[in-house]
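Paired with chain B in one complex and with chain C in the other, chain A is shared by the two complexes that follow.
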Partner chain A sequence: MTRYIIRRLAFALFLVVAVSSASLLLAGAVPGDFASGTLGLEGARRDRLEQARERYGLDKPLAVQYRDWVAHAVRLDFGNSLLYDRPVGDLIPERAVNTAVLALTALTLATLVGLPLGIVVGSRHGGLMPSAIRAGSVVLLSMPPLLTSLFLVFVAARTGWLPISGMRSAVAPPGGAALDVLRHLVVPAAAIALPLAAMFERLQSQAMREVVRQPYVLAAVARGASRSRVVWRDALKAALRPIAAVYGLVVGTLLSGSFAVEVITAWPGLGRLMLEALSARDVYLVAGCAGMGSIFLAVATLFSDVALAFVDPRVTE
Partner chain B sequence: MLAVAALLAAACRTDTGSTSGAAGKSVSTSIVRGGEIVASVRSEPRTFNRLTARDTTTDLVSELTQAKLVRINKVTQAVEPWLAESWTLAADRRTYTIRLRQNLTFSDGHPFTADDVVFAFAAVYDEKTGSILADSLKAGGKTLTVSASDPQTVVVTFPFAFAPGVRLLENLPILPRHKLEPALKAGKLADAWGLSTPPSEVVGMGPFVLREYTPGQRLRFERNPRYWRRAPDGGPLPYLDRVTVDVIPDQNAELLRLESGQIDTMSGEVVPESYATMKRAAGEGRVQLLDLGPVLWADSFWFNLKPGAFAGDARAAWLQRDELRRAISMAVDRKAFADAVFLGAGEPVYSFVTPANKEWYWTGTPATPHDPAGAKALLASIGLTDRNGDGLMEDASGQPARFSIVTQKGRPRLERGAAVVRDELKKIGLTVDVALLDANAVIERLVSGRYEAAMYPILPTDTDPGTNPDFWFSSGSFHLWNMSQPKPATDWERRIDELMAQQIGSADYAERKRLFDEVQQILYEHQPVVYFAAQKWYVAVSSRLVNVAPALYQPLPVLWAADTIAVRPR
Partner chain C sequence: MSTDTTGLKGPRHIAGLKGAGRAEQAPPLRTAGPGPIKGAGRFSSRSIGVVIVAVWALAAVAAPVVAPHAVDDRFPGLLNSPPTVPHVSFVQRPYIYRWMLVNQLEQRYEIDRGRPVPLRWFSGGTLVQSSDEARAPLLLFGTDSYGRDVFSRLLYGARMSLSLALVSAVGAMLVGMAAGGLAGYVGGALDEALMRTSDFVMVLPAMYVALALRAVLPLVLAPRVVFALLAGIFALVGAPFIARGVRAIVRSERRLDYAVAAEALGASAARVLVRHVLPAAGGFVATELAMLIPAFIVAEATLSYVGLGFPDPIASWGTMLHDASTNIRVFADFPWLLSPAAAIFLVVLGLNLAIEDAGGYERTLG
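Showing the complex of A and B:
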């Protein structure tokens, strides 16, 4: 097991280095840069562009910029954001925390809703409720988070019950800052959680359906054990394995990929920061965001793999 | 249009009575002081230093926190004394003696003197700073000479008799010498006032002070208690206590927030796609929808006319010909263009200067007819005909008559505009490829001259052509189709140079108008830039805003006059 974890950690490290390096090189290689965007067409006289590039260190060849960045990165200095004029190493954790809050809330919601529904649907044969749940899941699954968030923002705007965007009010309302953040969290978290809950429900119900047909389950029922006891105690354990296998992947992609929802709902997270960095061609920030995203993915996958390895030692072979 | 804008401004004030607002019209004596508005922008500011960036949010921060010597009223286009109380022009018609308002202080209490004005000019002209505002503060490419004759008097000498005169000074925010002089002396002014600067360090003489900047979320401004301007009733301005500017990257979310009353105004216009929704919201009294008429500047379509740009390319024989551009102008149905691109909220235009610019528009501008047959005949005159009967044109060498248009992706009106041009030209047999790039890449391509044709919005800072020499003169860095020419590449550009040189030197408006009409006539004949339609501008603000002076000022149609905006009491 230790060797397995070390192997996974080494791969995680490789992933982070590869993703952030590739991001920096790609962002730097495409036409246009931070200097041209800042000056605009009206101000982008050639000499002025060169002057600005020199100031931002963009006048050097990309390979040299990359070499310098790597030299600093090994000392955990990921450069200064051109856009925010602050160290990337300071900016990323601030936004990553916001993304983590959003993603973990959404994940908890999705798990609490999706898994029980999946168990209910998977353990029953026919009936109105399973059909209704299944139909709802299909609808939610077919709606990308972009549409879900637009719909929820629309509902929030129409009803006026919840803030539509941002993470905090300009002035904390009565009830305090924590309640304010919670109110702001509802729309983006629901936008992510609803399709995710639908996915969990689908996976869980399929897994459960297969498990309840297993001879040992049928035998237990035949021996007179109550069906609900068999389902929730014996079958559930076996049916959780497929979910556990994808859980890490879901967590990783959630943390690194809630771009659309963060943009629509103006949630100041990592996804939005990445988008801003890409639009502005802030190469160091792009590399930092991509690196952080891959850290999320790597860590989540690692936990998932380790958890799976404990459940099923065959995966370490 | 200006009359309409003024009427609309007045309409916004209907229930408040009368005295004097941003546009100098009558407004209320019963305006309530205090309160807060929430505005929105789509992106973070690039910096708090207006000398080094020109994005909308940086511009907004500067408008709210800094002041200038004069202000151009964006509704009337008239020059208004601002930090400068008055000025006189000497007999040489080059030297302005400017008297500053007395007893003014920056927001941190430091006294404002003529030395600050001299410093601001030194900062903007500083080579190491490389300010983007430097060119807009030059006359004929030459810097102004500025000196302080006493603490309240500044002498500004132009290199020659310059017709726009003090209008030019609107481009310069008066920055605090006591805060920024060390950076200038160290050659680091370009790095000063970055986004990590504590808000308390960003001092100015504008109506508001920056109180808080939360990256990714918002900027908060509070009223500057030392703001110098007084309301018509003698009370202090600004009326508002606070302005919060939320960063909302998504346009749909921005509109929904406005509609639901969670923000009061946006930084830009209501896009055509959202007009119907906003009109409905206005009908229900949730927002005020202000119709400002067609914009001052239509989106530009032009070819790369740099000599040698297509060296070694067989298409060089026709790509830079006047006939091609004239044929395109005739081939595109401008009404259809306006309907498709602006969803009906647009009007055909034929010139860089649109009818909205009443003072300078050449009323003799011919309306190019939609004439595909005439366009084909023109193209035939430069060797472009359908030689193989496939419905598409080929040049004399048998190569397809094909070119590409570079434009910015993510801006629906530009994407649609380029698509309409492509489709219209296909009808006469020209093949067009549309290349959608992000803004940085488009700018890079245009500045480096690596493009064939482009469609892009051009927004001069002022309606007076004399203040945009970079566009008009062949040596200008913003002479779109062939930038920074060492000498005029064509006879007609040489003639425009001559006319513009006379135009900016004449003191007589009628003479200036005559000369500029001739410039527009030459441009119409040679069509270095083709214009198809101008968008009609609608601006939406919440129903609780009063004393708004909406203007056709494309970055900040409402907040350009933030000091006189007030909110209706709840």
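Showing the complex of A and C:
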């Protein structure tokens, strides 16, 4: 078990280093840089361009730039964002928190809705309610966050019930700032949570369906255990395994989904920052965003790997 | 539906099946039964899916004939105008009413009920047009903020979005089958290297990989280049999903008698792999592609939405959503601009229904 965890930890570390390095090199290697991108539009003179490059260290060869960046990064100095003129190390955490709030809210919502529905559908044998839930899931599965967010923004704009963009109102409304953020959170979080809940429902009902066929479930029924006890205690334990396995993978989906949602609902998260950084060729910010995203990813896969190892010790072999 | 071997299902079980509404009070014994919803319903939902996909494919192919207008035809007096609903009657040809601008600032229109404009079949080289195109064009889904016909653009957009997804899927299939076949057949260090690489790519959020690869390339490119570029990126991101499964199938298949026999008959390794072993992965690859295509459609839409897709006059579902997003107000006031989103939903739903029982719902989220 310890060896397994160490191995997964090494992979997590590798993931973070590889992703941030690759994105820095990728963003640095392409034609055009921050200086030509931003100053070029203003028709800056050649010497001003050179000056700017020198200031940002963009005049050096890519290998040297990378070496300097690594040398600083190990001391937790991730360079300055050229776009915002602020240290990347300051800029990233606040945006990362916003993305984390959005993603975790969505994940919690999806789990709270999707799992129980999946258990209900999987343990029943036809009937109106399971069919309706199932149909709803199939519809929602065909609506990735890009579409759900467009749809929810449309509904919210049409009815005026909820704010449709940003994270805070310009003027704090009555009820305090926390309530304001919460109101802004509804549309983006629901946009990510709806398809995810549908996926959880499908997976859980499939797993449940297989488990309730097992002889030990039948044995429990035969001993006179009540239906709810059999479903929610005996069968559920075994049926949670597939969900535990996808939980780590879901984080990739969450991040991908939150990108579209952040752009559409103007939620100030990591995805939008990454888009800005990429468009402006802000190499250090790109590397910072990618690094932060991969930390999310690494932590989540690590967490789900370990959780899975506890549920199903066979995976450590 | 597998049969109940336990024989424990009594009459109550049958009673429960008859009255769908009574499922709530179902006895615990019913938990022992296999659960899929009845076969008949499944079959029909599957054919509905196939029909939806076929209709869209047909619309994409026939766009130049069916679309009343060209992609970049503009009606300057009809910016953001609502759809013209065709009225059908038995005594005369189908007709529409003209939209009249009543408020320039709010772009509010009113119907001109005084004079119906009949539709004309097979005119102007298309299936149907209005008989007075200059003053009252046929706008089935209204116009966008440039005064372009949304319905026509939706059809041309289907052409672009669906063909890109299809080409990307074929690319992913070729790359994935090559990598997976090689890894599974050759084994050893190559297998290790290829599989580690695909594991790594699969862990990354696909949308960000595509975004990063697209964003680092020059932003302004010819449409043809953009198409090739996006197809290449999508193929690379999608290939690992195919490669992994193909590898597993090849590894087990090549030990079977037929593969060993082909080898013993003197067939070259390449021939055994391509002609004998790889076809065994066909079913898996087909299912996998049906799941990748929706992801590619959504990826194109997302990239175009953020301005990294096709350049302006080109219509794809993503660029149409991009145009619609310039002002958040349009979502509320001009809902027909969201029709590309509905189109994406329908195609993805159709594909999902078509492969429903093939399993695997994990990656429709793009």
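The rule we apply is simple: the second predicted complex is superposed on the first by the 301 of 317 C-alpha atoms of A that agree within 3 Å, B and C clash if a C-alpha of one lies under 4 Å from a C-alpha of the other, contacts with A are read in each partner's own complex, and residues count from 1 in each chain.
As a working rule, contacts are C-beta pairs under 8 Å (C-beta built on N, C-alpha and C of every residue); 3 or more make two chains touch, one makes a residue touch a chain.
Everything numeric here is computed off the predicted structure, so don't read it as measured data.
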Partners on chain A (chain B, chain C) - clash or fit: clash
Partner chain(s) touched by A:L109 [first = chain B, second = chain C, both, neither]: neither
Which of chain B and chain C A:L236 touches, first, second, both or neither: neither
Chain B versus chain C as contact partner of A:D85, first or second or both or neither: first
Touched partner set for A:A287, first chain B, second chain C, both or neither: neither
Which of chain B and chain C A:R213 touches, first, second, both or neither: second
First (chain B), second (chain C), both or neither touched by A:I164: both
Chain B versus chain C as contact partner of A:S279, first or second or both or neither: both
Which superposed partner A:I264 touches (first chain B, second chain C, both, neither): both
Chain A residues touched - chain C or chain B, whichever exceeds: C
Partner chain in contact with A:L150 - chain B first, chain C second, else both or neither: both
Touching both chain C and chain B, counted on chain A across the two superposed complexes: 30-32, 150, 153-154, 157-158, 164-165, 263-264, 275, 279
For the chain A and chain B complex, residues of the former touching the latter: 30-34, 36-49, 51-52, 55, 83-86, 91, 94-95, 150, 153-154, 156-158, 160, 163-168, 170, 263-266, 268, 272-273, 275-276, 279-281
Contacting residues of chain A [partner chain C, same complex]: 15, 18-19, 23, 26-27, 29-32, 122-131, 134, 138-139, 141-147, 150-151, 153-154, 157-158, 164-165, 195-196, 199, 202-203, 205, 209, 212-213, 217-218, 221-222, 225-227, 230-231, 235, 246, 249, 252-253, 255-257, 259-260, 263-264, 271, 274-275, 278-279, 286, 290, 293-294, 297, 301
Complex contact set, residues of chain C against chain A: 6, 8, 13, 16-17, 20-24, 26-38, 41, 45, 200, 203-208, 211-213, 215-219, 294, 298, 301-302, 305-306, 321, 325, 328-329, 331-332, 335, 338, 341, 344-345, 348-349, 352-353, 356, 361-366
Residue numbers on chain B that touch chain A, as the complex places them: 36, 38, 43-44, 46-47, 52-55, 130, 132, 135, 190-191, 194-196, 214-218, 220, 244, 246-250, 252-253, 256-257, 259-262, 437-447, 456, 458-459, 470, 477-478, 484
